[in-house]
Every structure is written in structure tokens, then in C-alpha cells.
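By written order: A, B, C, D, E and F. Residues from 1 in each chain.
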Amino acid sequence: MGVAGVGALAVLAAMCLAMFRALRGPTVYDRILAVNHFGTLTVLLIAAAGFLSGRPEFLDISLVYCLISFIGTVAVLKFFEYGDLGHAGRRDRPPAVRESGAP
Amino acid sequence: MEAFLGHYNYWIVVALMMAGLCTVATSGNLVKKVIGLNLFQTSVFLFFISVGKMAGGTAPIVAEGWTRYSNPLPHVLILTAIVVGVATTALGLALIVRINRAYSTIEDEEIRRADLHRLP
Amino acid sequence: METPALIFCVALPLAGAALVVALGRWPNLREAASLGAAGWLFLEVLALLPAVEAGERPAAVLTAVIPEIPIAFEVEPLGMMFALVASFLWIVTTIYSIGYMRGHGESNQTRFYACFAIAIASAIGVAFAANLLTLFVFYEVLTLSTYPLVTHSGTDEARRAGRVYLGILLGTSIAFQLFAILWVWVLTGETGFRDGGILAGHAGPAATGALLLLFVFGIGKAAVMPFHRWLSAAMVAPTPVSALLHAVAVVKAGVFAVLKVVVYVFGPGHLATATGAGWLLAIAALTVIAGSLVAMRRDNLKARLAYSTVSQLSYIVMGALLASAWGIVGAGLHIVMHAFAKITLFFCAGAVLVAHHRTEVSELDGIGRAMPITMGAFLVASLSIVGLPLLGGMWSKWYLALGAIEAERYAVLAVLMLSSLLSVAYLLPIPVRAFAKRSPKAGSGVEEAPWPCVLAIVITAAGCLALFWYADRWLRLMEQLVRT
Amino acid sequence: MRHHHVLHVVAKMTIPLILVFALYVQFHGDFGPGGGFQAGVIFAAGLILYGLVFGADRLRRAVPAGLAGTLAAAGVLLYAGVGVAGMLLGGAFLDYGVLLPDPMAGQHLGILLIEFGVGVTVAAVMVSLFYCFTA
Amino acid sequence: MITAHLPALQVVVPLVAAPVCVLLRRSRGAWMVAMAVSLFAVAGAWSLLAGVLSRGPTSYLLGSWAAPWGIEYRVDETNAWVILVVSVISAAALLFARRSVEREVETDRIHLFYTAWLLCLAGLLGMAVTADAFNVFVFLEISSLSSYVLVSLGARRQALAAAFRYLVLGTVGATFFLIGVGLLYQVTGTLNMADLAARLSELGPHRTVTTAFGFLAVGIAVKSAVYPLHTWLPNAYAFAPSAVSVFLAGTATKVSLYLLLRFLFTVFGLEFVAGGPVPLLLALTGIAGLVAASVAAVRQEDAKRLLGFSSVAQIGYLVLGVSLLTTAGVAAALIHLFNHALMKAALFVCLGAIAYRVGSVRIADLAGIGRRMPWTASALVVGGLSLIGVPLTAGFVGKWYLVAAALESGWWPAAAAMLLASLIAVAYVWKLVESAYFRAPSPAAASVREAPVSMVAAAWGLAGANLWFGIDASLPIDVANRAAAALLGG
Amino acid sequence: MEYLINTVLLALLAVTAGAIAYLRNLFAAVMLVGIYGLLTAAIFVILDAVDVAFTEAAVGAGISPILMLAALALTGREQTAPTSPSGAGIAIVLATGGALVWGTLDMPYFGDPLAPVHVHVAPRYLEGTLSEIGIPNAVTSVLASYRGYDTLGEVFVIFTAGIGAIVLLGNRRGD
């Protein structure tokens, strides 16, 4: 087990923790953060896996993950800020959805 | 034991499929139903990709120094299936938005009740 | 013998129907067309008679819906006889209808004449059918074309009656008759009518018995109890329709089909081997008696006549089920005899309705003075039904009785006798009341129905008389059936 | 989100990069992971990011809804057109080998064209979907 | 040259025409494109069928790649027949659709309506003609997605709920199908149907294959609305735009049933199927569907919903025919498949025409239509008689062969159930006829005129076909017998 | 090592799936769908399906959750009625799962190089991608050429979805 392997295991461990946070909540921001965190961890995991399998040239997949993660976060935040993803940015509507905590 | 290890992957995938199917079957909320469909389909994708995996193989992009590649065919099939999945999701959600406009609810029960009250 | 004229015989009334619809706006022309088609058809059918009497079998193929089973026609003696009766009575009924429908001011007359013509076309189709499929096809067309006639008035009551009519006739035919036809086809690989039957050697006693049951009940038009309800329900229809149902086409098509199936599919010889035929015979006998008993208790004239029909039809079914030569001859003759007698009775009932608006037997006191011709004809027809000599009805009962003796079914003989007595009891009081009793509100002088009605009544009543004297030709025709 | 200056600046910087990356994914599909579909999604993601940050209306001004519909149709037509071209040139439907005298070069050309068609359609449909859901 | 490419063109032409309709943006133009494509499809299907009948099955290699590696199109008697049915119904439905859609769909969406129509047509044709198990899935989804869209365009809000329900069940069904294909692929390594058949026959008893069969069968059963997986159908048909009801009722479930035949007999093979409980299960679902759906149909107050339930019942006939696993049974099912498409399309066209004039298809609102709209109502009667199976209509021929096949195999209960269902059909068809002819017109119907000529033409075109094939059924009988022999024999 | 990662990821997936099925909060469910997509994509990488991973990341973790969020924004609701586990539904699901597990018993083992999928059909793709098509990525050559027709269908599927959404919702403001 090389460095990549250790790294991968560490990432996995971190993923489990992030997962716990995503499930527990309790606030919206916990979840958003957890998801964001999860995205980052996945990027790392893929990088590690690339080295593990001996084909690191697939790193550009992780680029996509970063990108999607970023756009996703923007979308989620906008959802909470305005309740409409196409909104131009003026605060004239109340948020459509309120978090009610974990069940 | 060998059988367990050899099939472990598939069994988890089956469990995931059933979680998805269960969500579709038991949830009264339409968005939740679409989410369930999504889970179900994604799990099926996992099954296909597991089928295509070859032990000790690598991604089917031919390169120097590799002789064992995983099967590219399931990958192609699943690429198509993923697209089908997102198409279904998009259409389902579009329908939900319209249903919400027409009924002001996205709960199965309430929709049914609304139609019962107003005879066709 | 290939004879395209057969197809023409079926097509002629259809063309008549089309013409009637086309001429709907001019009542005189419309009814002339109807009458013309009827007359022409009768001549066409009559033209076939010599060949059939000579033992030939004119045939024609229309089309093959299902390979191996074409829609095809073949004239054999039984069909010849039925076609003659139906086409002749069409003329008479048309004459009568002209008087009745106008006299009674009915609406939808065009639909009436058109559907009537289609019904006749299908009756001819049934008569000439060369195989079970063809028979079934025209049997169903007959049901469907008479449905609008039954619901003619369009009232709720008529619609309900129509539902019963259609439900029983279509229901039994699909559930039992079609099933039986398919079964025969699967068993024998054919459905054609052949002398001596086609089932012998293909079906054991149990299967034969089951098939017999399916056919007898599947041909709902034969009105064997418990599938007789449609006939009384259909009494809501105008009188010419009742005549059509009871005498010309519908019930006759039913018993004719039973007879034809027995003669040409089972074969009298093979029929005798069927298990359970005795039970069917008993059901038919029960229908004869029960029909008569119910008829006695009905005050409504048409209802009484309807139950009389139920009873009389089972004579024919009994004759067929006896599986004896004379029984079949008697059954065949009874189709003719009963047709003439019963149509006269219905015409009379209709005439009374048109002229005096009376429908109940109890209202008929003294009506004979107002309508001497009508009630005279009623008396003649009643006696023919009872089976007195000098009237046609006597011959068929005679041969049916001979058949019962031949088959050694003495119980059937007893049933025949008993039912004759019962028919005396439910029919004769009517003319007796009409002539003997004096009505409290009897009008003065003679007031008959419109003249076409009277003409039709006279023709059919004369027919009842003539059939007694000229029965031998029919007899010889029927004897062909059993000359094997 | 007019007042989110950081977001605006970051978006303005990243969106062109995303679009270029999409083109890379589009044309690098022969050698590594990627291809028309992925490229289309990423391209659309770039546009959607623009819509998220600056509002759907501004995106509509840049990429009119009608244009998106037209492009979606054009993309599938390009794909099917390549197939029909194969048919007209004597091969079967979607036979790229006959597109050029050298079969291998024909395959290359065919794959390039159809992947482009896929990319265009997918991007256009994704943007259309975004419009639909942000009405 | 065109003839050689016909198998592909049959699918490609509608596919290509769909985006063209989007680009056209004109409702009339889109209709004309759709109609032209459907007519082309009819001509193509006819030519394919003629070719198959005279020269035997043909195969077409897409992209010129040989069969197990590339995707193959294979046309034999069975699918040439199904393709013909689908194309004809599409053309007839389009003839009806022009005026009806103008009324029921917003003007600026009509061209997209026809786009979805063409996609649905292409999907159905693609499912029928392909010989590749996964390709079936792709085209299944094209047709399904477009039919969800088409159904959702119904004027009432229930259409949306019905479309959503259809979408959920349809997607579950399609995913089941996909699982089945995956399992088959896993144990054989191939997706080509002929190759699959060859490899499956070498495998012998195999639990994975059995499971695959189960999933494929359930997936297809959902799509073809086999009882009790039919729950999406009645509402989808009832609330869809009239033209869509015509189109889907005549085609969608038919193609799925074709798939059932294809997988039963071509892929898994008679031996595999006959060995297990499959025939019994099929027969039981068939009988249950026949009786239960017929009874449900009688209780409907909405004519389109009534016909929807009747469709479920009719599918029961087809399943029952197939369950016999004999040439006679399969041939009968194929004949009835064609006839049922004709009669249901005719009936839905008539109801659509009535909806166009009266604005409702509740049975009570049909009152008096017989006098107000004589042509439409008479076509309705012809279609209804055919549905009952009255002689001299197409419906009779199909039922004749179905019952005969059941009797031949000694399946008495099946024959009895079929006849019983016919009886119940009398009841529900007569509800329509009685209301149309023997009731005084409702206020809504009192002032209506006969439907537009194009609708009457479509109605009588289909009703006439019902009569024609009831009088001379030699074509369907011949084709169906040959198709069944080919399916079961080799 | 790969198997270990795979196993852990699958376990995480199972937890996520369970949570999605259980949660009543729709927003949380959508977030978890995103995580589910990411995890699946990661597993795809481990299982050598890099192209699929690419797509799944973009679709499963990107497009789908964004669309769901957008739909939630327009419907603006959370699940009001509690999930009612109907006995029949669960029985059907269990039966289906049981059938599938039973079906796995005769399957080739996971990763078995001699499984039919690796010896039939697929080898030609891996050879042909260089010799017949001339590009190293076998997935692309199968996708675009060997089975290009499927991909054509796929594009039409997404096209259909686009048309459907436009028909249903209209793609102009105020439509």
C-alpha cells in the first residue's frame, strides 16, 4: 500500500464523517457544507484512485467534479436566497422553502 | 465465502435498487417519486458497470503497457441509459411543476381527492 | 349446382332497404319500393322451388372470411321452405304495415321499413346458409337489424325491452352457439351442413349431448325456457314487428336453425346416441306446457299470443329432438303452419288496436260485431293453432305425434294432446267473447281497420285454410330430409 | 445577486474557462474520457452558471430560447444527416467508412461530426430545460 | 436503392422529420410533414411486408458493422406486420388529428405536438424493427417519453396526473426491461437477439436467465398494460387529446406485445418458455384481465375511459392467445392485434369527433348523437360491433381464431373466459350505442352538426376497414399464420 | 485496494439510499441525490468506467439535482403526508429484490476475466478501436461507430425531453 492507498483510505474516512453531517443536518447550511465537502473529497479520491490504478491521466474527470460542485453550490445557495434559480437578484420574494430540520 | 465475495457487489446493488423502488412505491410525494426513480435507475447503472469490470483490468482506453481492459460495451450502454434517466427526470419534473399549477399540491393523495371532488 | 341467384336473393332485400332509405321523403314511393322488393323476392325464391323439389341443391359462395369456411349458400328443402314462408309473409306484412303504420301514426317509418328489409335479407341468409358460420353470421345480423324495430318507440320501456332482447339473443348466441360452432369445427375440421350430419364418428355421446345443449340454448331465438324472456319483452314493439318476430323471421329463424343443425350437423341417427337428449326433450316439453299456462293468465292480447308462441316453438324443438323421421317432418311443417296462423293472430290484434285502441282480452267483448272479418280470421287462425282438421295446423301436429310414436316417446304424445287442450283454453275464449258477448259500449255498425290491414288478414287466414288442402307438396319437400 | 461582487468576478473568470474546457472535452473524446454528451453538459453548465449568477433573463438575452430550440434540432439533424450521407454514398445508415476514400479517415470524420451534433443538442436542450424551470 | 435501405428508412424518416417540424414552427406545415411521413411509412411497411412474404426475412446492418458487434435491423413476417399496423394507424389518426388538435392544443405548440408524435412513431417503429435487445430499450424510451408528453397535452388537468402516473410506471417498466437485458448480457456477452438465442440455448437451466426472463416479461407487461399492470392505461387514454388516444390505443400496447412475442419465442425459445410456469401465468393474467377489465368497463361513465378498460380486456385476449404457445394461438393473437388496432382507433376517432362537436364524451352527453351526427355515430356502431365480435366485422375473425385455438389446445377455461368477455363487451358497447341512438339529445348535443369531413373520413376509413377485414380476412390470416409458424418453428 | 475502496463506497451508497428513502425533507433528499451521484461516479472510476463516471458526475451530481431544486423552487413544498409504507408495495419490492438475489446465484463472479461478457463481442471492440476506427478510446468508438445508432437514439431521447419540457412549461418568460 503506497502513499496513494493511505490517502485514499483517509479520504474514505473523511467521507464517512461528511456523510454523517449530511444526514444529521441539523440546519440547511450543514447539509450544503457537507455536500460541498463531499464533492471535494470525491475529487481527491479520484485523484488517489488514478494513481492507485496506474492511470493518472484520467485526472480531468476530477476537474468536472470541481466544476459541478461549484455550480451546484451556487444553485443551492440561490435556491435558498431567492427560491427561484432564474432570479435576477433583487430581494423581492420571500424564500420559498424553509428548512424544518431533520426528521 | 468465495460466492459471497463474488456476489457481494451485486447484492449491494440489488439493495440499492430496492431502496429506489421502495421510494417510488411508497412515497406519496411526486418529487420523491422522481427521486426514487432516479435512485432505481442509477443502481441499475451500477449493476451494468459491475458486469463490465474485469479484475486487474483498466479503463478501456488503449494504452501502452496494458493488455487487460474492462469491457467497454456496458459503459456505452450506460452512457445512453444515463441520458435516458436524466431525460425522464426532466420530463417528470416538468409534469410536476404543471401538476402543482393545476392542483396546488404535489401529493398523490391530495390530487386524487381533488379529482374526486370535482367530478369530471 | 352453382347458382348466383342465391346471392341475389340475399342482396335484393338489402337493395330494397337502401332504396327505402333513399326514398324516405316520399312515403308512397318508399312503400311501393318495399312492396316491389318483397314481391320480386318471393318470385325469385319461388323460381328455385322446382329444382329443389327435383332433389337438386343450388349453391353459391359469397366470400371466404375464414379460409376453409366461406360465407356460402346452399338451398336444401328445409331452407327452401323457410325462405318461401319468409318471403311470402314479407309481402303480406308490408301490405299490413302500410295500413297499420299510417293508421297508427307511427314515427320513424323509414327506419322501420329499412330495418325490416334487412331482417328479411338475413332471414333469407339463414335459410340458405350452407354452413354453421354463415348461419351464425346471418343469425346475428337478424338480431341486430330487429333491435331498432323492437325499440321503435324509443320510450324507456322500449329501451329496457331492447336491452333484454339484445342481451338474451346476442348473449346466448355468443356464449353458447359460437362456442358450439367452434367446438364442432375443432372436432371435425368443418362446419358445412351435410346430409346425415358431420359429427358422427367425431364426437362421443357426452360431447354430442353437450353440443346439443349448447346449440339448443345457444339459438336463443328458439325461445326454449329459460331463454324465452326476450319474446315477451319484445311485445312493446309495433304489431307488424311482432308479426315479423313471431311469424316471419325471428323465432322461425331460431327453430329453423335448431332443426337444420339437428338434421345436417348431428344427423338424426347420431343424435339418438347423445347423452342427456331426454332431458332437453323434457325441457322443451316443459316449455310447451308452461308457455300455454302462462298464456292463459295473460289479459294483454299480445302477451297472450307471445306466450302461445313460446309454447308452439317448443313443438318444433321437440320434433327435432325426437330424432325420428316423422318428428322432423312434423317439425318442418309446423314452421309453416304456425307462421301462417300466428301472423294472422297478430295482424288481428294489431287491427283491433288500430281500429279500436284496445289491447286487453277483457276489452274485446262484442268486438266481433264491429270487426267481423278480423275476428273471423282470428277464429280460423286459432283453430289452426289448436290443430283442428280442415286447417293447416292439423298436419304438423299429426306428424309430430307420429314422430313421438315412432321414437316411442309417449310422454311427448301426451304433452301434445295436453297442450292442444290448453291452446283451446287460451285462444278460443277470445273469438267467443268477441262474437257472443255484448259490449256495454259497443259502437254501432262495422268498423274495420284500414283496408290494407284487412287485406293482409284475409290473405293469411286463407293461407291457413289452403295449407290443409295443399299440404302434400310441403310434405314431399320435408320427406326429402329423412330419405336417407 | 447584484451585490455579490466576489461571485460575479469569479463567475466572469470561470465561465470562459468552463466553455473552453467543454470544447476540450468535446474534441478530446477520442483519446480520453469525454465526448459530445459530456461536453454538451459542461458547456450548458457554463451557461447555466451565468444564468444563476446574473439571472436567467440575461442568459436569455445572450442565448434566446428560440435559438436553443433551433440548435437542439440542428444537432440531431447533423447526427442523422451524417447517417443519411453514409446511405447516399453507398454504405449503410451511419456507415462512416464511406464518407472519405480512406475508411479510417471516414470513421474519424464521422465520429467528429456526430459527436459535435450530440454536443450541440445536449447543450441546447440543457439550456432550454434551465429556461423552462426558471420561468 | 431505397428498397435496400427501407428497414432503416422506416425509422430514420420519422426521426429526421421530428426536428424538421421544430424548425418549421408552423402547425399546418408540421401536420403535413407528419402526414407525409406516415404515408411514407405505410408505403414502406407495405413494401417490406410484400418483400418478406415473397423473399423471406431481410436484415440490415446499421453502420455496416456485422451483427453481434453492430446493431442489426431484421424484418420478418411478424414485425413487418406490426410495422404496417403502426403506420396505418398513425396515418389514419393524423387524418383525424388536424382539426381535433387545432381545437385541443394551443396554437403555438401544435408543431411541437407533431414533433412528439413523429418521435413516438419513430420509437414504436424502431422497437418493432430492431434485432438488438438494448436498441429496443432506447427506442422504447423515445416512444415512451414522447407519449408522456402527448398524453399530458390533454385539455383537462387530469391529463397531467395521468401522464405522470404513466411516466412513473412506464419508467419502472423500462428499467425492469433494462435489468433483464443486463442479466442476459451478463450470462451471454451479447445483445443481438439471434446471438442471444443461440447462446441461451446452450446454457441449460440457469437461475440468472430465469430472473432475466422475469424482469423482461414484467417490464414488457407494464408497457403493454397486461392486467394487473395496466393501471396507467385507462386514465392516460381517457384524458389524452383525442388524436393521441387514437394513436396510442392503436399502436403503443401492440408494439409492446410484439416485443413479448419476440422475447418469448425468438430469444428464449419455445422450449425454455414451455417448460416453466410461464404459460399458466400468462393464461391466468389473460383471463383475469379479460374479465376484470371488462367488468370495470361496464361501470364507466366516461366513454373514453370505458374504451381504455376495454383495451386492457382486449390485451387479455392477446395474452391468452400467446399463452397457448401454439401456432394457432400466436396467429390468432396477431390477427386480433391488427383487428383491435383497427377497431379501437375507429372508436376513439368517433369519440374524438363527438368531443370536437359536443365538448364531452361522458356517456350521458352522447345522447341523441345518432341523429345529429349520423356518420360519426354509425361508424361508432360499426367499431362497437367489431369490438363485440359480431360476424362480418374484423373483431369476429380474431375472436373466432382465438377461441378455436384455445379449444384446440383443450384450454376450456380460456375459451369460456373469452366468450364471457365478449358478452360483457355487448353490455358496455351497448351503453354507447343506446345513448347515441335511443335517447333524446342532451341540451349540449341538441344543436351540434356532423363532424368535419376529415374526421368523418378517418372514422369511416377505419370503420370500413373493420368491415372489409370482417368480410375478407385473407390478408391478416395469411400473414399471421406465416408469422406464427416462423416464430414458433425456427 | 480497489476492492476495499469499492466496498466502502458501496456501503456509503447504501446509507445514502436509505436516508433518501427515509427522509421527509425534500431539500435534504435532493442534496443526498447529489451525494449519491458523486459516490456512484466515484465507484464508476474505480470500476474503470471513466467515461461513465464523467457523465454521471455531470448528470447525477449536477444536472439532476439542479433540475430538482428548480422544480422544488417552482412547487415550493416539502413532503406533507408522511411516507406511508403500504404492505403490498413493500411485498412487491421485497419479492423483486429476492428474485434478483436468487438470480445472482448463477452469475459469473464479479470481475471474472472468463465471464461471457469478456470473451464474446467485447474483444473485437478493444482490438478494432485502433485497427478499424483508429482511436484509442474504445468507449468512444463503440459509442459513436459500432453502436452509433444507439447514440443517435440517445440524442433523440434528450431531444424528446427538451421538446416535452418546452411543450409543458414553455421556455419564454411569462409563457
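Basically, a contact is a pair of C-beta atoms (placed from the backbone, for glycine too) under 8 Å apart; a residue touches a chain by one contact, two chains touch by 3 or more.
Computed from a prediction, not measured in an experiment: that's the story for all the values here.
**Student:** What chains, if any, are shared contacts of subunit B and subunit F?
**Tutor:** Both-contact set = A, D, E.
**Student:** Taking each chain's centre as the mean of its CA atoms, which one is most distant from subunit A?
**Tutor:** Relative to subunit A, the chain whose C-alpha centre sits farthest away is C.
**Student:** Once every inter-chain C-beta contact is counted, which two chains account for the most?
**Tutor:** Comparing chain pairs, contacts are most numerous for B-F.
**Student:** Need the central chain here, defined by C-alpha centroid distance to the all-chain C-alpha centroid.
**Tutor:** Per-chain C-alpha centroids compared to the overall one single out E.
**Student:** Which chain is most remote from subunit B in terms of Cα centres?
**Tutor:** C
**Student:** Could you please state the distance in Å, as a whole number, between where the Cα atoms of subunit D are centred and where those of subunit F are centred?
**Tutor:** 21
**Student:** Distance between subunit A and subunit C based on Cα centroids, please, to the nearest Å.
**Tutor:** 87
**Student:** Taking the mean of the C-alpha atoms as each chain's centre, how many Å separate subunit C from subunit E?
**Tutor:** 44
**Student:** Considering subunit A alone, which of its residues make contact with at least two other chains?
**Tutor:** In subunit A, residues 53, 58, 61, 64, 68, 71, 75, 84-85 touch at least two other chains, as defined above.
**Student:** Quick check on subunit D: which residues sit in contact with 2+ other chains?
**Tutor:** 25, 31-34, 37-38, 42, 45, 48, 56-57, 69, 72-73, 76, 80, 83, 93-94, 96, 129-135
**Student:** Touching at least two other chains at once: which residues of subunit C meet that condition?
**Tutor:** Touching at least two other chains: none.
**Student:** Output every touching chain pair, sorted by label.
**Tutor:** Touching chain pairs, listed by label, come out as A-B, A-D, A-F, B-D, B-E, B-F, C-E, D-E, D-F, E-F.
**Student:** Across the complex, what residues on subunit F touch subunit A?
**Tutor:** Subunit F reaches subunit A through residues 1-2, 4-5, 8-9, 12, 15-16, 19, 22-25, 27-28, 31-32, 34-35, 38-39, 41-42, 45-46, 48, 50, 53-54, 57-58, 61-62, 65-66, 69-70, 72-74, 76-78.
**Student:** Hey, which residues of subunit F end up touching subunit D in the complex?
**Tutor:** Where subunit F meets subunit D, its residues are 50-51, 53-55, 58-59, 62-63, 66-67, 70-71, 73-74, 132-137, 139-141, 143-145, 148-149, 151-152, 154-156, 158-159, 161-162, 165-166, 168-175.
**Student:** Okay, in this complex, where on subunit B does subunit F touch?
**Tutor:** By the definition above, subunit B touches subunit F via 2-3, 5-23, 25-29, 31-32, 34-36, 38-39, 42-43, 45-46, 49-63, 68-80, 82-91, 93-98, 100, 105-107, 109-110.
**Student:** Going by the contact rule at the top, pick out the subunit F residues touching subunit E in the complex.
**Tutor:** Counting only subunit F, the residues touching subunit E are 99-100, 102-108, 115-122, 124-125, 128, 145-150, 152-154, 156-157, 159-161, 163-164, 166-168.
**Student:** Which residues of subunit E touch subunit C in the complex?
**Tutor:** Touching subunit C from subunit E are residues 385, 388-392, 396-397, 400-401, 403-404, 407-408, 415-416, 419-420, 422-423, 426-427, 430, 434, 437-439, 470-474, 477.
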